[in-house]
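Dropping a structure here in structure tokens format, bear with me for questions.
Every chain is named by a letter (A, B, C and D) in the order it is written, and numbering of its residues begins at 1.
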């Protein structure tokens, strides 16, 4: 039977992955309230479609930092993709490239950034950065990313430590021993493979390696060592959006890290409007979290995002069928977005108006 | 056991129809959020009944475009009704006629408009129009509708392409080969019968045949070639309602196409108030979507509709027991509406006041 | 196991009654949305208890029309109680009397008002009136009620016809043939015992017998033929409350007839505030519908009711164990109300303040 | 499998306790609406985390009445803890001490306050007071508490009688005969062990022993006989908070007694804002009820509480594994709170800002 929506890929993946990996990929923090909210919050937004507009020449091309992407959806950074499928990050990135989507490589990838660049040369690639206690490590990563032709740095700012994901603790999660964090050597590469009882290997790794002292001042440091545009990922408030602007970031990804850090934070689509209002077009606002359908993408754009990213959906495609699985998932999503555009009466992303999306509470006023 | 409500007919039909047809009839777009909302939104509206009014002489007659209908409910256009029962469109239309209801024939009917007119001469018939890429086709349909004594043209404006109905893609939906789109010849008649893998035959037909370039200007063209009143079907916003008025339409059907086009649009009853407020009595406002009971009809009228239409309920009646099934369904609905009228203290449709329906949120103010 | 709440009596009764009778007693109109709402709407109201008040001398006595009731809860009129238990209306009324509660006898009782008066002489009794097409019938009922020492007339104004209760139609509901409507002779007594296919016997009886032309003017007529205070039962709007006052009624029962007339009307507790605000203390405001616990009673009083009534709970008590069952049910409810009073810091009904009950939406304002 | 959250301890305890005890511990009043609400109301509050703040030196120390507690969570008074585990109150208090938490001993403990003090000398202990009809009893308790080095008196003001907990009545709840209320002699010690049919032993005890006449004036009396700070427990309204201040209380615990008194009162987290606003920093505002996770603690602090307490979670820990079970439960909770602090960008309790917690309804405004 044809896979017709992202949920179909999710179900397939759930049937194929081992529990250790599946739980790692799908979990959210705590009771997973926000995990569900990331999707449900989209259902509280209503589309207001406009009729009788010529929609014969859809053009959903989307320029970001000077690159012309084919549509406003990219792949968010997710760690350790080879656990899902041997194609790993390369498969994911190649699928993105074919679709004309940005691919963001995680610092915690099971493929080194050089191998990724070699394997997916035609894909527009960004590099996601975590800042290690040992600053020289981060500095080296930046250099390597520049050299390997990554186009932007995505600094994840919502993870000084990792959130409490119950299943990972119950599973005593660790990276299968044939895999490593491929950007590193030694314990920084293998540190996720062993873990104490009653703990998650990845959380222990993060606590021992990441620098929890970083502040906005470190953006200055980062800007001092690279010419790449800096995107901060993990903003959920207008206050932090304004800081991002003041400290010279080129973009913001409104994100709650796939609901994996603290539970009961807002859905990313809930947080988007205050961020977009606070910074306007002064920097590029983007979003990830809970995107499952064409109309989700449309809503994010109408509320101020220039593009969106998907994390888990790409993992499900990869787990299901490697690179081909991701390609298929992206093509389902793209088609669904095109239908949405046409049926709301938009030919280009510029036609999207904020009045096309309202909160359901608008309809309680008779 | 007596069938006492529309759900009873729905259940019977579900037990009798084949999956291919059943899914086609019942599906909505995407996750089917709006499909459920079309009904639930009525539950958020409270009736405010008035007591001690003489309700002994109910008269629910309803004039529309100069015709006196027996009550404010008609049959919305639904495609390919012979899939439900051999009685098909003729059975449905005859049942409508007996009940004093308008019947709207779909362009995509399995009975030609001439056969329909011959089979149901006493029914007040309207013809629903899709605009084909080849304009001469539409022009001919208009001519034939006029000649066959149809009283109005219903231009469906929410379907430049068709929505993503997951079940139809999973089922590889196609029209059974003994049936055709009877208003046409050749591929236009048989085109829904074959379909590519992983696609819905009806969606492919629509993409290849319908004109996605049409705009409000084409209303002018249509008005230029016919004297029939033009009703636009599919309006969900005040903005489009105002355009309909400006371009000289005679009526509007507030509709989301039975939640079959884009998911997460408002329920039609949610969209009705803004439309009614925007155009007042300048043109005839009507509604379809989610009507299942007498009190649903009442609410739509109180919020500004002059009449409502049902799509699926008639299909369920037809599937259950042909023309007789539709008659029975309509009589259940009519009786339920009469009880509602009496118990709210209204003898005629003019007695219905907007204060008789409020949103539930009114009751959160102590 | 001890029966500790009204739900316990409900469950017992459901296990003992035959379907025909059980469905008749428990049904609401249509989809039974308001049936559930009658209870749920109480859950949206929060109690604001006050501490450190002397609550050692609870006195919940409640004066109504000059009679001193022992507490603010009476028994609402429900038809045909012998179907529930041979003790019938007499058992119910005696239990009410023992508890110091008002008992309202239905016109459609299976015990005549004279037998009721003889069987429950010490109970404070009111008589519920339906107005028959043949006015002399109603006039005689009024005379008999006066003579039998009933203290008030309760005119039910929400039932010119009866609502659509699906189960009754499915069951072809009729009164068991050994029972009659004991206030009448001939077909008026036996008319509920036979019914056409696909119909409810009680609804057919009502349509053939009750007068659907009555208006507020008929209140004048009624006042002209009796000295008893007149209570109108079935008010759900401020508008009708004002009319009740203008036409000289002594009291109002805010009620939706146990959700049995039209579905999606407000819960009676939702309608109470607007009624109480509209008429203040000019007439006695009361309420029935959905009362299941002590805190429900308290909320109704805080929002403006002087007393409340229960319909089904008494039927469940009766069905479970005749008069004794009703006594037990009332004593559970009374104890629960006393605990509520004490824990909110009220010794008498006069201590109840409107600030002690707020809508849950109050708590969304931080 | 590791126990990773309070629910895990709850489940373990539920599997180990006998029904009589389990029901006593877990029950709420009435339909248990507020019991659920105590937890759910936290889910309606969203956290607004701030990024890029140095969170390397978390210090969650919390001064209360001059004592420096290690974190803002203590153990609420719960009666009869030896029913849960032989370690009883001493085990619970020692676990609290190890965690740097306040332990509040109930008047109705199965360990005398002297034994508790001897068994847990290093724990910061408060004594919870009920006022008996015989005032000399309360006076003696106060003297003994002072002598045994308790640091505050917690006067529970929401329990002039006990609420209707259905399961306890159904179970005919009584204290197992090998246990006594250890602070007392004679019937005051053994009175919960026997009970009439259809009643709860603890409720009967309370009705016969506690003084329901107490008022705010009795606070004066209490202040006259002790130098210990007086905390009133059970405030749910701004009005009572103001009175607590006027009568010279040192602190308030916003609490609905674990939803055990009257059903449909607000969740304690719902009531907190109005209390905090009413009294500001004039006295120490605290909260208990529904705390299950680190983010619950954070929300209470952001809305004005200086510390929170848990009741049942400690009972579950105790039931599961005695003192060690409570220690483990506390350490799970502490870790979860630390993660929350870090991920919201707070190093100390002073960093917590009210803007970090908003009601979900904020996000319905686009």
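The definition used in the following text is that contacts are C-beta pairs under 8 Å (C-beta built on N, C-alpha and C of every residue); 3 or more make two chains touch, one makes a residue touch a chain.
All figures in this text were calculated on a predicted structure; none of them were measured in a lab.
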{"item": "Homomeric contact chain A-chain B: same or different residue positions, threshold half", "value": "different"}
{"item": "Separation of chain A from chain D, taking each centre as the mean of its C-alpha atoms, in whole Å", "value": "42"}
{"item": "Chain-level touch network, classified as line, ring, star, complete or other", "value": "ring"}
{"item": "Chains touching one another, given as label pairs in label order", "value": "A-B, A-D, B-C, C-D"}
{"item": "Chain B to chain C touching residues, read off their complex", "value": "1-2, 4-5, 42-43, 45-56, 293-295, 335-336, 339-340, 342-344, 355, 363-366"}
{"item": "Chain D - residues contacting chain C, complex", "value": "30-31, 33, 41, 44, 157-158, 160-161, 163-164, 166, 169-170, 172, 197-198, 212-216, 218-219, 232, 234-237, 239-240, 243, 261-267, 270-271, 273, 303, 354, 357-361"}
